[in-house]
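First chain written, first letter: the chains are A, B, C and D, and each begins at residue 1.
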Amino acid sequence: QSQSLNGYRKSCWYEEEIEENLRWCFALNSILHTGASQYQDIALLDTKPFGKALVIDGKLQSAEIDEFIYHECLVHPPLLHHPSPKNVFIMGGGEGSTARELLRHKTIDKVVMCDIDEEVVGFCKSYLVVNWEAFLDPRLEVIINDARGELEGKEESYDVIIGDLADPIEGGPCYKLYTKSFYEFTVKRRLKQGGIFVTQAGPAGIFSHTEVFSCIYNTLRQVFKYVVPYSAHIPSYADIWGWVMASDSPIELSAEELDVRMRERINEENRYLDGKTFSSASTLSKVVRKTLDNETNIYTEEAARFIHGHGKHA
Amino acid sequence: QSQSLNGYRKSCWYEEEIEENLRWCFALNSILHTGASQYQDIALLDTKPFGKALVIDGKLQSAEIDEFIYHECLVHPPLLHHPSPKNVFIMGGGEGSTARELLRHKTIDKVVMCDIDEEVVGFCKSYLVVNWEAFLDPRLEVIINDARGELEGKEESYDVIIGDLADPIEGGPCYKLYTKSFYEFTVKRRLKQGGIFVTQAGPAGIFSHTEVFSCIYNTLRQVFKYVVPYSAHIPSYADIWGWVMASDSPIELSAEELDVRMRERINEENRYLDGKTFSSASTLSKVVRKTLDNETNIYTEEAARFIHGHGKHA
Amino acid sequence: QSQSLNGYRKSCWYEEEIEENLRWCFALNSILHTGASQYQDIALLDTKPFGKALVIDGKLQSAEIDEFIYHECLVHPPLLHHPSPKNVFIMGGGEGSTARELLRHKTIDKVVMCDIDEEVVGFCKSYLVVNWEAFLDPRLEVIINDARGELEGKEESYDVIIGDLADPIEGGPCYKLYTKSFYEFTVKRRLKQGGIFVTQAGPAGIFSHTEVFSCIYNTLRQVFKYVVPYSAHIPSYADIWGWVMASDSPIELSAEELDVRMRERINEENRYLDGKTFSSASTLSKVVRKTLDNETNIYTEEAARFIHGHGKHA
Amino acid sequence: QSQSLNGYRKSCWYEEEIEENLRWCFALNSILHTGASQYQDIALLDTKPFGKALVIDGKLQSAEIDEFIYHECLVHPPLLHHPSPKNVFIMGGGEGSTARELLRHKTIDKVVMCDIDEEVVGFCKSYLVVNWEAFLDPRLEVIINDARGELEGKEESYDVIIGDLADPIEGGPCYKLYTKSFYEFTVKRRLKQGGIFVTQAGPAGIFSHTEVFSCIYNTLRQVFKYVVPYSAHIPSYADIWGWVMASDSPIELSAEELDVRMRERINEENRYLDGKTFSSASTLSKVVRKTLDNETNIYTEEAARFIHGHGKHA
């Protein structure tokens, strides 16, 4: 009986082209919700191997079972390295998980989440139960706007700015939010003294890190004095993922110091990140280190590099 | 926009193993309902190529777009060849489509549908909108019971008895409803004078007809004087399907006579079947005719032949 | 042991998109040969369900296990209906199977196969063992040329002309060989008195027959007095396939007459076709008959209809 | 033209069930060789994303493009931590890549590779061009035998013993080569003073490390004073992979010391491993560290834990 139960359920599959010649397929329990916005198509699937999965334009954005890895890695390293982060600006992040992680920090007074896609934000607000509390937190302000326009149009500055955006694909909607001039003339001016910028930085595997990771890193080191790349394996992405922190103040804490700050500042314990984990995550493997050291490409308004693959949504 | 819309929607697939080495895959819009009974698992899928699809234990039972072929072929040939069919007994048929086709016949007073699986009947009653009218027709009596027990336990006899059951798989739930002794001592005794028995008879393609079709045919010709096998292509099954009519009275009408009776007796026009279509359907191709002529296997209580493939549910 | 043997072998699959939302997948034993011509890519696969399979541009052309259905249906009906066919012109047919079937007819003196793609012909000549004998038959002349140019450039006329070409896709290489003007001014003029033209005519299933089958039929009946459409299920195509015969002389033999001619004229027995099989094949089902009767589209040099799906190669 | 070329080539896929509900699919160029031994089925595939891939019993063993990660991680850490490794015993390793990496060490006099499956060794010797030089190296002795029998039946002892075996699946062929008693009474007795044992240790991802990695670690720490687990992402496995080193002498070198020894002892530069890479690889993430610390299961002759997934061959 239970065998036949599995039998038919395994008949339905979600299939993603990681690359043109590589597919990653999850057995489905159900297709929970589907929708479309002006910009994107969106679906919430219930998958057998990874739980509920948010899919935008046919690309997995985050899966219930391991989205904590992505979001802890995006949020906690910059906040912990900052002496006392009070306000944060999220570019994108409409899913709500980035805000959720931020709001666990006791020092945080104000989180601005600025996502361009109202429907995606609404969809996630309605269906992602795990972020309901965050969406109701009075410290969170949700703005529907282009992140660039929002940052440039207002005077406020932030302790931490977070890029939770789709990868910089040439011609894609987010490319302009990864350029040298954007970092120099917009992001940097909206960071307070000692402020830290962090961005998701695409796949960072031994082969895939050349797609955008090395280039994001190289672009940021043209603009900021201190730049720290790090990475972690995300099972549902079938790859290592990368992030880059950048600041004009030193970013340097030992594993022990990070552990102390986590205990002091963060409500409840992290599931993925602790001091040693970050220490390992920020020690890249030989090939990746070399590519990053030698990278010469810079994202400018004029040029771009293409990525086919996982992209975080705007 | 519409391209990306298709993009993500094509990410979800229903996949069926027609045989161990052959798969048939439909893009999914959604998984509408899933359920499980004491006997079987059941799902209603919304597929792109074939519309709503009823799947039991991982096997496609019927698809919105072409189930009319299966059900017209199962129901109308025996009813039309009968001089004046008034009451009919359906073994299985819980989906409701067989009853629906029967109730289109003006001569029909009474339809007994006897299906063993209450949950499947309930599921179909709830979700298969196309059969709602049939389920509400006062001429239909639904009985939840084993068809054999039901036929043997009561005195009533019928103008037409219909086998709308899963294929006779050795050890399977329906095997006993395809045996010579069942036909001889149960079915035949419950047919009125001039009565006709019909059964679905599994795949009838040039290679697949040896699985059960020829054997069902051969078993029936041991018991009845007149036996008429016929077949039709069902796109969603990716194969030709077979049925066999059997009676002790001659089954012989020209295409023209069938057309006349259809016009006289059936409400609304058939979508698939007319006189010429039946004439073609009952003229089997050379290979199939030869296998049927030469078949020596008989389904008995003792022996069985295995089929892996499409099975109609009990 | 044998289980594990099956285990790994089932890991490799050939996958074909029948339509955008429908896939047909065969387990692979091996990829025997691959090649490319100026016009097309070509592969010979060893598949588990259908044996060796010829694939051109990602579309299955013919499978070892059931190509005899396609080729017997293409060749024998016109040859048998002709009183005494001596010479035949094949447009396309580079695979060699059409020639093979023709050369089984004792009346045949000369077969001209005119295919545009030298590499495909060479590939098939090398690898399709089943057609080696035909390729060596002195009655066969292989010409590498555009069929239209060849027919128009020479004076010779034929008892039978056969179209074994890819479907008439708008903008495709074969569209012009399905137009009214081509039939009228080229084909008809190269047919001898009493000559018969036949062409493969694309999918002819209950849904798929509207793609090109009905239109090919309607185009031919603008040009010829007698037109006979017929169809057969080809398992490896997952569909019914269609052919159309056309002539200015009546095409009318009973099943018995066909059987007699087969015995007299054809070496060895047919595997698929006999008189009754053709009788069934040429009695189309209601829906298809109606579409054909009512079809108004005509293939002209100016207009075309698109088909996505199986296409026979030029 | 090149588009259509890709078109048909993408029609053939290798498909692996990573878990029951998770598939990993590679587009195929060709199926190069297939074979079967007394124990296993074996195939060499040419895949588009990962190059030539060795598949045993339907499980990917190693892919041309990234097998260097697995084999560098298996071989170099123990050899580098050993003061002067001269002779090494490989349990399994029939592919030849482990021997290849060992033979790059200038200190090595003798490598014994003991694999039970003569056909697999022969297959790899014939087809894996990258290991031809290693198979011809006079320092390599290949023995076809059960590794346990071989170690117990001879007197020789080794500087390093390497377990390059399939995962310890209950009832599987290699389970006994992962038990406490095997480590205690066989492996340890065949290690010279200061000797180091290393074994591949199955998947080590944030979810998958509980399958066998933690248990192999815990079994080894019952037997050896110093035990070092480490891990690395292998793209073709779609997961992090683990290894465990064990010794009764301390295993402790800084990243700098490792880099010095690599330069001194290893011919040509490593592609994956350097000092910092190992430092990161041996700093496990929080969840994995905790599971390993708290693991209580021990592989004994009596008990086992099941793994479904990637398994290295014996």
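What we mean here is this: a residue touches a chain if its C-beta (ideal position, glycine included) is under 8 Å from a C-beta of that chain, and two chains touch if they have at least 3 such contacts.
This one's a predicted model, so the numbers in the text were calculated from it and none came from an experiment.
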item: Equivalent interface positions on subunit C and subunit D, same or different at half; value: same
item: Inter-centroid spacing, subunit D versus subunit B (mean Cα positions, whole Å); value: 55
item: Geometric centre distance via CA averages, subunit D-subunit C, whole Å; value: 53
item: Averaged-CA centre spacing for the pair subunit C and subunit B, given as whole angstrom; value: 33
item: Set of subunit C residues in contact with two or more other chains; value: 10, 13
item: Chain contact graph, described as a line, ring, star, complete graph or other shape; value: ring
item: In contact (per the touch rule at the top): chain pairs; value: A-B, A-D, B-C, C-D
item: Subunit D - residues contacting subunit A, complex; value: 6, 10, 13, 19-27, 47-49, 65-66, 69, 205-208, 232-233, 235, 238-240, 270-274, 276-277, 279-281, 283-287, 289
item: Touching residues on subunit B, where the partner in the complex is subunit A; value: 1, 4-5, 7-16, 28-31, 34, 36, 40-43, 45, 55-58
